[in-house]
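Got a structure for you, written out below as structure tokens; questions coming shortly.
Letters A, B, C, D, E and F mark the chains in the order given here, with residues in each chain numbered from 1 onward.
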Amino acid sequence: MAEDIKKIMFTVRKAPHGSIYVYEGLEVKLIMAAYDADISVVFMDDGVFALKDGQNTAELGIKGFAATYGVMVDYEISKIYVDRKSMEDRGMTENDLLVIGEDEDTEEPIKPTVIETDQIGPMMAEQHNILCF
Amino acid sequence: MAEDIKKIMFTVRKAPHGSIYVYEGLEVKLIMAAYDADISVVFMDDGVFALKDGQNTAELGIKGFAATYGVMVDYEISKIYVDRKSMEDRGMTENDLLVIGEDEDTEEPIKPTVIETDQIGPMMAEQHNILCF
Amino acid sequence: MKLAVLVLEGPYNHEASDSAYNFIQAALEKGHEIRGIFFYHDGVYNVTKLMEPPQDDRHIANRWSELGAKGIDIVVCIAAAKRRGIVDDVLVPNVRISGLGQLTMMAIEADRLVTFGD
Amino acid sequence: MKLAVLVLEGPYNHEASDSAYNFIQAALEKGHEIRGIFFYHDGVYNVTKLMEPPQDDRHIANRWSELGAKGIDIVVCIAAAKRRGIVDDVLVPNVRISGLGQLTMMAIEADRLVTFGD
Amino acid sequence: MLHTVNKSPFQNGTMESCLRCVNPGDAVLLLEDGVFGAVTGTSKTALIEEALKNAEVYALSADLKARALENIIPGIKVTDYAGFVDLVDQNKVHSWL
Amino acid sequence: MLHTVNKSPFQNGTMESCLRCVNPGDAVLLLEDGVFGAVTGTSKTALIEEALKNAEVYALSADLKARALENIIPGIKVTDYAGFVDLVDQNKVHSWL
């Protein structure tokens, strides 16, 4: 990757559906992916709920967006991390996570990468800029 | 008080200044006081910060409203309660509370009445309607 | 029962507006009377006709307007609306701007007042 | 430094808008360059000329417009604005509606991007 | 009394504040992000289990489905908007915003 | 790194989440309702005292005055918007919204 490519991180810390932050935040990620930037996304705190498989907003009468997460890898957003501690507090395991795309060669489903909380601070420190939604 | 006077309670649970809920909520109380209703206001959780004496928003450049609380009794809103537990958690004592008016006869300053958390549920149960802001 | 509903958050941004709408629909289906719907705080943004959501999404202002067309009194607080730029010119039909006295009357006259907000 | 500011909440309703303004004023006084200000989520409500706050209160939209008059690029997200009824007709002067690509460029080109929201 | 809670208990103290004020026999309805409190095996499960000894706890089905929440704490009653209306019909209500 | 926190720690978990991710030597700025965390003698004081062993903690004066907060935890530095700008100049920033 060229040296002048800027590293941009997104943190997703809010729950999905209760507010539009996660939904409109996703729109930013998709647009930004089209530019020359090295994008990573960290889901932590209530943001981990956004990655839960099987969300269905039909009965609420609002648009869902879990399907869009399912093709994040196609948008070349593949550095997707989820905080283990946040998941554990919320009774979630890796099995609960939705698929974010599939491997080009093997067609194996790709899931977000589970990380430890103490990895997040150092990851933040090496970014050019960080957005929170 | 006539039997058909409805009891309306307000709960104030949000911190002042960070959002407009407390400020615009105060406007509702002042208007409602002009109608035939038996009004009480309970400050709890971060809402107790709204009753802190000495607030000064000049440096923020926003309008304050602590002065209006100072004349609540003049608006005939005198049933003002504050939850002791919420104050204690936040390092507040009765001395920190602002004055909400003065006694008509003695001109003694009147402060909000400190109550215990277990009084709040029963007070709620006897209301006609309860508004939260 | 005679029901009043208070909405404190703006459309799309918070689920409150959707919850209120779904709740009111269910109450109407059960034959309850809606004494009124009052928009306060950012709730006043719910009824601007200028909103243009994506084609495949719900149109929140039009939904409220349709409830108003059924004869439900839908009131936007004038003080909250002025501060936020919601004026008569931008309202959807069947909605009116008025004062907090209207909320007071709803709180007194309705058997139940349910609040949706953040 | 070259600074960009992202505002995610509406005026008056949340302190975010005031914090952002006070922060930007302080940055200007120190001679920093403002690469741009971007309004997203309910932040788009910050720049409607229809707002009419009480006489003794600050006029948030006019404040932003004055910053725009100084040459600072102030951008409102078109997708967020359409959904919420913020259109060209209601904008204060010196502010423009554009796409999220503008936010992307700010995030890449500014040395620092500071976000104010809820 | 009906108490409604619409905030995630993992990020916000509202559910705990509400449960401190619940009278014996009151009903608590979890809706919007409040339904995250309805799940078993989380750091907040014990709080709701304790509340269930004293109160009726409901969770709104539309919000549960939107969030793909399935392992609901035994004793919590899942209800829909019609059930929400009935709860309001039967009780005075306080929305813990 | 500069971390900004704008939520009351009494109602919201954001301050605790932030403090879990602070690197040694990082700066934390409390602003808006976040300044409620800067006060001594509260149920959250110990949390900030612990953070002070590892990080610089600042609180925004305009927000402290608006809320009449005076008994600030020793070690916290009170700063103004100009100081906030300097902190941003010197550090990458993450806003914990």
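In the analysis below, a contact is a pair of C-beta atoms (placed from the backbone, for glycine too) under 8 Å apart; a residue touches a chain by one contact, two chains touch by 3 or more.
Quick caveat: nothing in here was measured; it's all calculated off a predicted structure.
Identification of common neighbours of subunit E and subunit F yields A, B. Distance from the subunit A centre to the subunit C centre is 34 Å, each centre being the mean of its Cα atoms. Subunit D has its Cα centroid 26 Å from the Cα centroid of subunit A.
Averaged C-alpha coordinates put the centre of subunit A at 42 Å from the centre of subunit B.
Each of the following residues of subunit B touches two or more other chains: 14, 17-18, 20, 45, 60, 62, 128-130, 132-133. Counting partners per residue, subunit D has 8, 12-13, 15, 22, 41, 54, 57, 112-113, 115, 117-118 as the residues that reach two or more other chains.
Across the assembly, subunit F contributes residues 6, 10-11, 13-14, 32-33, 62, 92-93, 95, 97 that each touch 2 or more other chains. Pairwise, the chains that touch each other are A-C, A-D, A-E, A-F, B-C, B-D, B-E, B-F, C-D, C-E, D-F, E-F.
Residues of subunit A touching subunit D in their complex: 6, 8, 20-21, 24, 27-28, 31-32, 34-37, 128-133. Interface of subunit A with subunit C (complex): residues 17-20, 60-63.
Contacts from subunit C toward subunit E in the complex involve residues 1, 3, 8, 15-16, 19, 22-23, 25-27, 29-30, 32, 112-118. Across the complex, subunit A meets subunit E through its residues 14-18, 45-46, 49, 52-60, 62, 64, 89-91. By the touch criterion stated above, subunit C contacts subunit B in their complex at residues 4, 6, 8, 40-41, 79-80, 99-101, 103-105, 107-108, 110, 112-113, 115, 117.
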